[in-house]
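Just below sit the structures, each encoded as structure tokens.
Both complexes below contain chain A, partnered by chain B and then by chain C.
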Partner chain A sequence: MAAPVTLAGPRPRAGRLLLSVRPPGTLVAGAAILLLFLICAIFPGWVAPYDPLEFDYMAIMNPPTWAHPFGTDNFGRDMLSRTIWAAQVDLQIAIFSTLFPAIFGTLAGCLFGYFGGWPDAVFRRLVDIIVTIPFVVLVIAIVAVLGPGLLNMYIAISAVGWIIYARLMRAEIISQMRRDYAAAGLVMGYGRLRIIFRHLLPNAISPIVVYWMTDMSLAILLGSSLGYLGLGAQPPTAEWGVLIADGKNFMTTAWWMSIFPGFAIVLAGMGFSLLGDGMAALLRRRA
Partner chain B sequence: MHLAGILGRRLGQIAVTVLVVAVLVFLLMRMLPGDPAIMLLGDRATDADIERLRAELRVDEPIAAQFGEFLLRMVTLHFGDSISMRIPVSRLILDRLPVTLMLTGMAAVLALLISVPLAFVAALRQGGWVDAAIRVFAQLSVSMPVFYIGLVLLITLAAGLRWFPVGGIGESFWEDLYYLFLPALTLALSLAAILLRNLRESLIEVMHAEYVGFATAKGLPHGLVLRRHVLRNAWVSTVTLLGLQIGSLVGGAVITETVFAIPGIGRLMIDSIFARDYAVVQGLTVVLAVMVSIVFLALDAIQAMLDPRLGT
Partner chain C sequence: MTAPLLSLQDVSVRIGAAAPVAGVSLDLAKGEVLGLVGESGSGKSLTMRAILRLLPPVARVGGRIVWDGKDLAGLSDADLRRVRGREIAMIFQEPMTALNPVLTVGRQIGESLAVHLGLRGTAARRRAIELLDQVGIPDAARRLGSYPHEFSGGMRQRAMIAIALAAGPRLLLADEPTTALDVTIQDQILKLLLRLKDELSMSVILVTHDLGVVAGTCDRVAVLYAGRLMEVGPTERIFARPSHGYTLGLLRSLPDATHARQRLSGIPGAPPDPGALPPGCRFEPRCAYAVAACRATEPPLARLGAELQTACLRAGDLLAAAAA
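Moving on to the complex of A and B:
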């Protein structure tokens, strides 16, 4: 018994307003890809056909077959299952290495942009300097000092990454400040912090959110690269970059060991970047 | 001449940048637990060696004196000795630098050779299937980590078809060109995708500009319009972007050199990290920052030449 669906209402609700705009194809594609990875990350035991750690000495370094679509490794472990289990670690990398930069960078950008003064001048010099040092080299140098591992990798990426968010936010806040509504808030006697966080921030946040999506795809690329170099996730943690590094030694005899985990990196990276492109398109259309 | 002014300002900025990098490196090394002298010399050092380096580094003096000494050593390229290789760090870096410069140079050239024609075709056939295919190629290359592109090329072209060596470098310049082709292509592919996207956008934008319509209307041949009016204006943003990407090119070189076992400074950096050879890591970080700064300087000059408005 279906309840009658009434389309005509007194006021369009927020949810309907969102749906009334047909979402861009890139947004849908990106979201679908990420949903797939999210399922793999949350229910790996349910999605993966085998136990990722179970040795099978009868099936060592088997090429891809129907039983093992991604082949098996030098211990007979199923590569598809290992790749699926690794989604947990790589999605965690995407989130943990961008969360602090996004939040802290946004807040810092608001304050630098709104208040200006010498802290802002110092910040601008810092930006000039940071762009001069290759990001990867800087992160590698910091990890070198702290020691390899996931936590230290997050610390290294966060220590540098927030600057990009802050630069973006600073520029947005400065352009929003010139609008009438910001002056109106001041005339009405609102506090500065209220104006910044209740009025300016919500209007300035869209480019940050779009960049955040792109940044998550960059984080997966960087995280897996550090894993490959042995500076990020440490074996036996199954991470895509680590899996590829494991397979590199068998490059000539068992190419599938490194090639297939790479598919996951490419697909996840594309998922985040499509989602970012789609969001940007949606925002442009609304504006 | 305003160009001189711009370059002068840039030189000042480079000095500040390198100074700050030096401060950061200095602080990072001092943040580590333990005595810097013991750390730089490693576990196998004798007490006499440690005492000598402690005196050289002025470890027992105030932090300002230590920093002054550190700066003096950086400026005079006295980065100390490598503990794992037992030769001066500056010698080591100078030995390894040419390979990395050649690799990144080849990569930049290849990236332009790939991206410029493809961007032109995509822009001229905007909306068609060729354009779509080129954009998919760009999207794929951007989503692939450098080490993975390298491995795919290694597995297919080197290990599989045996067209290229699986790693290392040659004995002569011409052999190096051959040995470094695959690594350079690896780096070029990820760079080309970024350049391609940008150049395609700006070509499309410029093609719709009034002065291009005017050039066509006055009867100039299509090819000439494209070369003299469209390309020249679309170049500026591409050259800027290429310069801005130098940082990621150098970062990519670190990874590519590891994948292809190329004895350049990138591989040296990774090896030194695992060998806990901090004197090398410290020297390399400073050298890389200087290198990228010099590229930024050159970029400003090239930009001013391409777009006379920027120089006046």
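Moving on to the complex of A and C:
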């Protein structure tokens, strides 16, 4: 007779839920890219080889060399250093222009979804209206009213962006509240807010997290676009969109001035997208 | 007779023009296990949910539901929350979906202890371990940190019971608690429920469509058909000598151990649509004992002796035939 086989031994306790499975490659790649940008953003002075604002009239519009791998601009400023310093501004854009929409939208979506009624009906009409207008156009229109600058750009993006999170969360809460465990919470005599935020929200949050990651890459693109158009970050600030705009007049003679900040945008966007994809894959596997 | 713990008085549930639960009257005594049996769609679960006011607003509940002297329909939200979980608890058919997948079992027990009893920290932990022990989960201290998906089906139902009983309710509504489990586990869970009922001096309403489960566990049975009570009485009495054509039909459709090979009779036809009920007795079109009078009026649930209630015009004939 065969010896009894033990199927499961004791498992490690800490972090078991997230790390009991091997993280997907996309997650690792995305995290690595973002870590690189994060280091650039937190310690720009330490990573960047030159002062980003220092003029060097001996090296104006130099093509990429070992001394200046990304070349120099029309004032002789080192493009690599400027691109590195710009990471600070662009990551800030990614975070600040999505933080309020993600948090407020999630809370609003929870309440609209759970309680329904006329506030929910009003919200649905609002969604219908907002989605008919292209997001970028709407944001540009609001910035045009408020005036250019980073703060106004955050306000414009936040004013519109929360609706998408709220819509996502609302749908997710409605599907969760039909499950038995939501009824079980009522049966146990728990209050509605406790059921929404302690029971339903943790089960409904994963699409929000994934979308948030994607949204940060969209925010960088949007922030760069607005910077390029002169509506976002203003010129002395090194911001990737602003750098591209600076270089556009010299596109035929000094391509490096626009190309390298462009690469930085693409890479950062890719990093967030990979992170979002990886998280989605991880959460799917766990579910 | 002492006042019943829970009393349903002419309870109905209407959804639009249809009434999937129509005029259910039932009393439940302290410490009693009542089986509520019926086919799918007979209104068993609706009745249970109506007791705890869990139905959505489209379902309008009529009649009175009196719990321990209080009319549940008249309670404020705050008072209702105190009854839910603290005094009346409920367990569900699917332990998989009734447990919150992202919280550990320990957290879910602890939440009830904190909300209803104000227990926190080590006291709550100690009580949670006791509860898991009590429902027969081995190695309870370590299992507190487990998530529901790490439990087997039977273990999940045990955990569900532990959560439901955490606040020490006086009535447990068990909505088909064993239907999703395999037969050996069913038996363990039912035995567990009976043991806990005695230990905690609870009453239990056990909803099921399995007559075998009822025979083994319940003191009394209430038979529901198309939203109406057909027969209510002591389990042994009803199984030995049913007084209603429907109950008799149900029992005839069960295999029994005394005959080796036996043709099961079954009940022809299907239950009526609650929106289009037949005139007279709602079981009449399928009933083998129907007479012309059955089509005329719907027979009320009438007392027949001290402990039996039946809604069959031919109860006397059926009992006489069974006695013969």
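Here is the rule we use: the second predicted complex is superposed on the first by the 273 of 287 C-alpha atoms of A that agree within 3 Å, B and C clash if a C-alpha of one lies under 4 Å from a C-alpha of the other, contacts with A are read in each partner's own complex, and residues count from 1 in each chain.
To be clear about the criterion, a contact is a pair of C-beta atoms (placed from the backbone, for glycine too) under 8 Å apart; a residue touches a chain by one contact, two chains touch by 3 or more.
Since the structure is predicted, the reported quantities are computational estimates derived from the model, not experimental observations.
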item	value
Room on chain A for both chain B and chain C (clash or fit)	fit
Touched partner set for A:213, first chain B, second chain C, both or neither	neither
Touching partner for A:180 - first (chain B), second (chain C), both, neither	second
Touching partner for A:84 - first (chain B), second (chain C), both, neither	neither
Which of chain B and chain C A:108 touches, first, second, both or neither	neither
Touching partner for A:188 - first (chain B), second (chain C), both, neither	second
Greater chain A contact set [chain C / chain B]	B
Touching partner for A:262 - first (chain B), second (chain C), both, neither	first
Where chain B and chain C come nearest after superposition, their Cα distance in Å	27
Touching both chain B and chain C, residues of chain A	none
Residues of chain A that touch chain B when the two form their complex	125, 128-129, 131-137, 140-145, 217, 221-222, 224-225, 228-231, 241, 244, 248, 251-252, 255, 258-259, 262, 265-267, 269-270, 273
Chain C-touching residues of chain A, taken from the complex the two chains share	13, 17, 179-181, 183-191, 194, 198-199, 202-203
Touching residues on chain C, where the partner in the complex is chain A	52, 54, 80-86, 89-90, 92, 94, 97-103, 111-112, 115-116, 145, 147, 160, 163-164, 167
Contact set on chain B toward chain A in their complex	13-14, 16-17, 20-21, 25, 28-29, 31-32, 139-140, 142-148, 151-152, 154-155, 159-160, 244, 246-252, 254-255, 258, 269-270, 273-274, 278, 281, 285, 288-289, 292-293, 296
